[in-house]
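Across the two complexes that follow, chain A remains constant while its partner is chain B and subsequently chain C.
For the complex of A and B:
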């Protein structure tokens, strides 16, 4: 399965938007419009438990295992998209 | 592979030890030990106490051969991994001091994490550092330029030659470990706990707090760089010769239901969490899960580490009643790393006892008077029980005068479980420990006879989701932002709408331009989020308006009061304005 970074980025935007809407409807981060360029750290300010729950959804959606240490270098949705593509089996 | 079970012959023995080596040697005669479960909840490693003893002794010989001097510090990145136990006990045999280092890495926080580990290593003057393979990249960056004997993974150390010397394990008055109490970026404080001190608290927890028997089994997802994880779920089970089942902290965060599944599958009897852990779990439960669990053996569900909020705990109990969970299993605890772990336990088999008091009277006079039919507004606080027998406590007002029953004040503790001090930091030590051994906990509470009720944890430390954050560190970060004056920031926490702690920064600025003001707010919150992974509320105030003491020191508690008053006033004005709009319409 060979997906472009744009497609994966768009998938991630949808997963995150849905996750925030379903779980944190009252929080300011759920009201922001998320794009592939959105910085999850500085703009959305997700807390560590939200990050983990979101990663779980990402793992389930793409059927991958995320090595959590790599998250330390991920800031934007596009960063995460490149990571997801690299983690997918050939 | 199957997990360790219970001891059939070895009697429970919680006293009569001189050091942790003796505790391990005794437990190693039985059948129990530590069991590690992976991210999907499958058993991945079994480390019995006897295997741990054997592994630790070999590793100790390697560390001695490497050239570690007695008392040298060994930094261990404390991932939930058997490596931690092996190195921790190898240090005990070899006469070295283990130091648990944080392992949790936040999104986008690569640089902040490396910096934090590096400062801790420098603060304790570590000679050796070990990390799990997952963290070796960060470790290598953190140790650059430091004068170390070795930094590596378990595999690197296993390749070292073995010495053949008689062990001289750490003695009664030597340290058992150092523990950093916060994610403090500027000034890491390493709590120094001696063997005698840790053994005392372990015995008291086992005998009086939890009343351990050979039928008990522990389950935990708490990190080992936190006192509840390290002491509560490595050392307490060890001194009771009991088995433990571990889930990684991040596994819990992703799949909290695995915690309950493990308790159910293995018949766990003791497991602890801060309030937020129970709340997170309850939020993620599905009705079908509830029917599949059997939590009837869970007899001590300890709650501590941050202010205990009874409401989400009650929800947790309500949802899981169908799984056989008994709300009487909740045990409110109070403690801190400076006292090893625990200082008080609520009575077992009672559940939470909530003290409902008059909120207005409490705010005005500090008196916690039980509410009655005429009380307008109430506050609820959880009774944290009697102190463990070795402790004495005092509740003092700000002038050091002892307060009577049901009056809030500063909690002071004394006893054989109190730390020696912060490692190599006399200044920080003398700020909290008096010459005659009283520890100023920084926590506020009141007594009901010999029971202790905590009303706010650490008037200075901000506790968010179980993490301790020193306001000073937030203030320093904020001051690095353009437009913010040195000394013009006050950090504290307030209780948010869902009764969770919320960090607040009041920042002085001369800036009038709305865009520049917004820029300051964004920059400060971005920087704090990057370093601590928390969200802060930022309130800008004109220069020179933060309250100071007569000696010119910033008063955080007064800043907090002013802030709350300002917010209340704004709320009143807003509703008045709205009412006005309606009238004119």
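For the complex of A and C:
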């Protein structure tokens, strides 16, 4: 069943919050409030490694694959939610 | 924003590296006495971060072979392999590598980086699929990106993560290449190649293994981790470098697929660069001969690796799970790593400093690499200086 962009966005906020708490507890980004509109690079200041590691978590949660080249088009959690919905089977 | 503005961030990064002492990216060896001793800023220094695993850079026979080749064939080839840069010795080295890996085909490149770019861009194209270990070397990422193939990463050394992605890519796995390293360069941990080969066969994919840090180190003959795990003949493409255990410069690919011979016509990093110089080819051939005929080198390497790993572990440092010629000491943070690296250098011990984001888990490490040429006394001195940190 297809989920709405809002539902997926909220799931992604939870996954990212958990990822940062578990792996980057000391970093300033883990203290910030994350919303679907949050830009992962300019606001959270995640580096390329952190973004790629987070994507592995997202792939496993939604049972999808994300092509490395697609990452450059994904800035906000909402961008990612759109990608996730498109990548899921019908 | 001007073209040059992007370098502001680079300048800030560079300045930050020098804040706690010497900038690790600007170390100059004033002199190199042996495979394990050099001079930095006038100070005698033990070299414990040079990937010179078999310690052959000063081997008298390797040096003599290089000198003779330079005298008989000149200083350089001045051309690519496709034009005037193919000498008989290039072909002999390729035949010797094919024999070493028990396969029919081998191909020599001018650097290890060029080997990965050259093989991946020849092999892959738009519409093909790559499954790449998340901790793979930059040259593997770059080669995959240049190829235009669709790149999917799996969690480092995680066979389950690889399998889940192969399942999700069902229907595309026939044109899928799995790309891993035998030994990973930062932590020195090995790939579970036997399990990865099982998945490659199950999904009808192909497998490329970069044995840059495992050539001469693992396997009964020193072929690497694929040999050690009994799957050498199941790997489609082995790539590696001459700049570590063989103490020279250059790279190679070995394969049982005859198509490798055709890579010469489509691999731009092979076609559009000068071929390895005669001296480099000669020292590489001699070093490969030494690797094959002097098993004692590998024994000495492992004795030193076990001594250093055991000594550092006893001191309570956080290390990888098992002894290896690559021993990475995990630091509390970036600042501690920079400070400790400087202390070691001032005490006459050179190791590599590894900082994020080019590190697993975004951690900072002091990375040691052990050589067969280290003496037990040098290893003790390295341990002693770590104890003072």
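Rule of thumb we're sticking to: the second predicted complex is superposed on the first by the 90 of 90 C-alpha atoms of A that agree within 3 Å, B and C clash if a C-alpha of one lies under 4 Å from a C-alpha of the other, contacts with A are read in each partner's own complex, and residues count from 1 in each chain.
One rule holds for everything that comes next: a residue touches a chain if its C-beta (ideal position, glycine included) is under 8 Å from a C-beta of that chain, and two chains touch if they have at least 3 such contacts.
Small disclaimer: the values here were computed from a predicted structure and weren't measured.
Once the two complexes are laid over each other on the shared chain, residue contacts for A:52 go to chain B and to chain C alike. Once chain A of one complex is fitted onto chain A of the other, the partner contacts of A:60 are limited to chain C, with no touch recorded for chain B. Look at A:41: by the touch rule set out above, it reaches chain B but stays clear of chain C. Look at A:24: by the touch rule set out above, it reaches chain C but stays clear of chain B.
Taking chain B and chain C in turn and counting the residues of chain A each one touches, the greater count comes from B. Shared interface residues of chain A (contacting chain B in one complex, chain C in the other): 23, 47-49, 52-53, 55-56, 65, 67-69.
Those residues of chain A that touch chain C in the complex are listed here as 23-24, 47-50, 52-53, 55-56, 59-60, 63-69. By the touch criterion stated above, chain A contacts chain B in their complex at residues 23, 39-42, 45-49, 51-53, 55-56, 65, 67-69, 71-75.
Contact residues on chain B toward chain A in their complex (touch as defined above): 39, 104-110, 113, 134-135, 137-138, 250, 253-255, 276, 280, 283, 465, 522, 525-526, 529-530, 533-535.
Contact residues of chain C toward chain A in the complex are 132, 134, 144-145, 150-155, 161, 164-165, 168-169, 356-359, 361-362.
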